[in-house]
Structure formats: structure tokens, C-alpha cells
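Going in written order, the chains are labelled A, B and C, and every chain counts its residues from 1.
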């Protein structure tokens, strides 16, 4: 198993926990918890695979991840109060998943021979779309449009990845440092309550 | 025309009626009724085709279904009061569509050489996603997250299908019995008001 | 650069402006504005490419559009008050984008050897889905279900395109006249407040 595979498993597990916690917070039933854990975990990679034409999509070719998500969800349900006791645990797992899945997306784009800017976009989509689909299914405004700088951290990480990649840095070092970079940005941003500027028009004439 | 094709037509028609009734209940205009009937009817199969890379997706290669859905929608509009008079008719057609489309999805997965658990998931998506997309377009919480055991019936049917398939039962018998199994589960569940357990965390600290 | 490419650039720009204005009206932050401009601009074409299996999808193979959308969005932010001062500017750009993207979708369907009715559907999806995804991301009822005859104008344009095409009219004339036809229909419809008929059932028994 390569370092890349290990990261994939860690990201899948982190997003599964984040999804399961999120579903329990929204008081969904048992099936809803599994579905949301699953969608949060594989949604980003599925969108990525569909966009580049890598079908049948990854999780269909690698059933290991399905069992992993199932097991993680059961553990999350059993230890739900302990996980929640660790305040901010949902936020933390979500951030770890974001960091790891972003670099997997960028790497996939590079391997498919896509332009750097497209690979960065692919990384951001792989990182963010699990959460976006989760929020759309729950009929909420997607996470990327809420106050926190979510996708921006992912894009910054993608740019960092491309720079290190063009400098021929060792691959595992790129993976590790980019992931930590994304996690650090998001934590710092939330800690210091940074937010992006708003631009509003003088006369709001919504269509 | 094979038994499989007949089922496909029945499922398409059932979901088209369910979609048209649903759109009329939501007071959408003429175009909205057609679009919702169409999306409910072909949404699940389209998601399935995209995920396994079967493109152009089925309804693009088989225009018969497009005319079928159009005709069914016109009939549904004409006979809307009669259809509604049959109480629970929307529910009934939705359930028939769920049963039939689930087995079509599972069968497609098996033919594509996917693992049993993936084929079951594909069946559930083919059966449920028409309704999910319909609800997302109408800005409602998707049907699979409401109280009734919707997707669970579909998954149970998929498991039943795989067991019968591994026992080498005659294909048409598998199709018929699995479809009836799914319909029966859903009817029983709604009749006896069974619902899946909820797991909530002690301190709700939503992100 | 062909006339077709020119139209593609115009449509992309029109939808990017429409998306950016729409996001500013909804008070999204800087990232939200870019994302909505981007999604509105490439959403329809992406859905079209996925459905017919043209992957990696167009915008991944043509990075020019990405920079175009980025630049247009920056200009839209700078000149936001001037753009808004031109009352109905959002509506106008949205309509231009609808007209252009519809014919691109129909043309793509014809080139892929799909049936006329499927090509018309593909045109409508290319024209409308950018706006639909934009609205779903913003948690609003999609534009095609609001009062105005939006998708219907697109479908009428698609039918007009197919008729001219079957009469062997010069391609550039087809492009221009169909685009103007769609824009005219939508403007007339909004001007005269035409709307499609509603069909409601006597006893509303929503599921």
C-alpha cells in the first residue's frame, strides 16, 4: 500500500465521521446517517471521476471503501457522545478530509494530463463537493457559501501543490505539506475569524 | 420485446404518473409538469448510466421512452382528478416505479461486472434518484430522508435479488418476486408506520 | 476562430456576468461570486458533456474559458453599480446566454448523431442548467420553475433550429436567427406577461 492509498483511506474515514456526525446532529434516521456518511465521503471523488470520464467511478471499483465507510459509521454511532464531547470534532474531521481529498484531486488532474489551473479546480471539487452534496441533500445552503473560507483553503492548497510539484519536490513531502497547509489555513481562518470581502450593488434589484 | 423491456416501460410509466401528479400537487405550470414527470422517470437511470460510464445515457439512445413519458403526462393531466380520486395513487405509482427500477439497476450492475454490494447500491440509486432529483428541483427535503422507509425497501430488494440470482433462479421469476417484495415492504412499512431508529447526540453542537 | 467559437465566447461571457450579478445581489462573498459566475457559465455545457460522454468535459480541455470567466467576473465586480444601473441587465445577459447556449447544445447533439428530439432536449439543458445549478447551490427554486417561460423559449428555439437545419439553411444564419428567436420570445413573454397554464387537482392530497 502506497502513502497515497493510506491518505485516501484517512480522508475517506475523516469525511465518513464528519458526515455521520453531521447527520446525527440533523436527527436523521439510521439510513439517513449511512447515506450522508457515504455521500460526504465519496461525493467529491465521484464528481471528479465523472468530470474526467473515469468510469465506473472509483468507489464502484474499490469496494474496500464501502465497507470502511460502513464500519466507520457504525463506530461513529456507537461513540457519538464521546466524539461530540471532543468539541469541534466534526469541524476537525471535515478539515482533515478537505486537506487530503484536495491533494488527491490535484494529483488525479496531473495524471490525466490536465492543465495546472484545471488540476487545482479538480482538487477543490474533490475536496469540497462531498460536503456540498451533503448540504444540498439536507436542503441547506452549501458549506462553501457560508462564512468560513472553506474552498479558498482548498484552492490555496492546490496552488501550493502545483508550485512544489514544479520544483520537483519528493511526492510524499508534497502530499504531507500541502495537506497540513490546507488544514492550517482553515484552522487559522476560523480562529481569527477572517472572511472574504463582500461586494454589494447599491440598488438591490434581484431578478 | 423481452420481459425486461416490458418492466422498463411499466416503471417509466409509473414514475411519469407519479412525477406529473406530484408536480400538479405543487401547482407547477404546464412545462414544470412535463419536466418533473420526465426527471422523475429518467433521473435514476441517468445517474446510473453516468456513474458506470454508459454514455450517451439510455434515454438519449431510446427515444421511445421520451414519447411514452410525454403521452403519459398528457393523460395524467387530463385524468388528474380521477387519478387523485384513487386515494394514495401517487404513493402507489411511486412504489411500483421504485420496485421495478431497483431491479433494473441491480441487473445493470451485474451485467457491468460490478461487485454485488455495488450492484445493490446501483439498484437503490436507479430506484430512488428520480425522486431525489425531483425533490431537489422543487426545493424540498428529498423523499429518502422523510419518515417512510423508502431506500431501505429498495436495498432490501437488491439483497433479495442477489440471493435469488446466486441460487440460479429463473430470471423472470427474480424480476417479478423482487419487485413484489419491494412493493410489499414499502406498503407494510407505511401501513404499520414502522420507522428506523434515530441516534441523537447528547449535546447538539451543529457546526 | 469560427463564428461558432465567437458565439461560445459571447455566451460564456453573458452567463458569467449574469452569474456574478446574481451572486452580488445575493450578498455572497468574493469566492462565492467567482464560483457562481463560473457555475452559471459552464454548468449547462458540463451537464451536456457528461450526458453524452464527452470527457474530460469541455472547460477542462479549453482553459481559455476559465480565464475569460475570471476576467469577466472581476470586471463585473468593478463595474457592478454601472451594470446594475442598466436596469434589467441581469435579465438581459441571462437571456443572451440562454439563446447562444441553446444552439450550441443542439449543434452538439446533431454532431453526436443523436435524434432531433434528443438534440433539442440537449440544447435546452445546455441553455438552462447553468442557471438551475446556480439556483440549487443558492437554495432557491430553480429559474425554470418560476413564472417566466424560460426553458420553453429554449425548446422553441431548438425546434426552430432543427427546422432550418432540415431545410439546409446556411449554418451561420441558423445560429444567428435561432439565437435572436429565443431572445425575442423571452423578451416578448416577459413584456406581455404570458405564462403557461396551471393544472391543479381538485383535492390536494400531497404525499
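FYI, a residue touches a chain if its C-beta (ideal position, glycine included) is under 8 Å from a C-beta of that chain, and two chains touch if they have at least 3 such contacts.
These figures come from a predicted structure and were not determined experimentally.
Chemist: How are the chains arranged in terms of who touches whom: line, ring, star, complete or other?
Modeler: If you draw each chain as a dot and join those that touch, every dot ends up joined to every other.
Chemist: Would you mind reporting the rotation angle for the C-alpha fit of chain A onto chain B, rounded to the nearest 5 degrees?
Modeler: To bring chain A onto chain B, one rotates by 120 degrees.
Chemist: Do chain B and chain C, two copies of one chain sequence, contact each other through the same residue numbers, with over half in common, or through different ones?
Modeler: Both copies touch with mostly different residues.
Chemist: What's the distance between the Cα centroids of chain B and chain C, rounded to whole Å?
Modeler: A distance of 29 Å separates the two centres.
Chemist: Where in chain B do residues touch at least two different other chains?
Modeler: Only 50, 53, 136, 139 qualify.
Chemist: Once bound in the complex, which stretches of chain C touch chain B?
Modeler: 50-53, 112, 114-115, 117-118, 121-122, 132, 136, 139-142, 144-145, 147, 149, 151-152, 195-207
Chemist: Under the touch definition given earlier, write down the residues of chain A that touch chain B in their complex.
Modeler: Per the touch definition, chain A meets chain B at residues 21-22, 24-33, 35, 46, 50, 53, 55-57, 59-60, 63, 66, 77, 80-81, 83-85, 87, 90-91, 94, 136-139.
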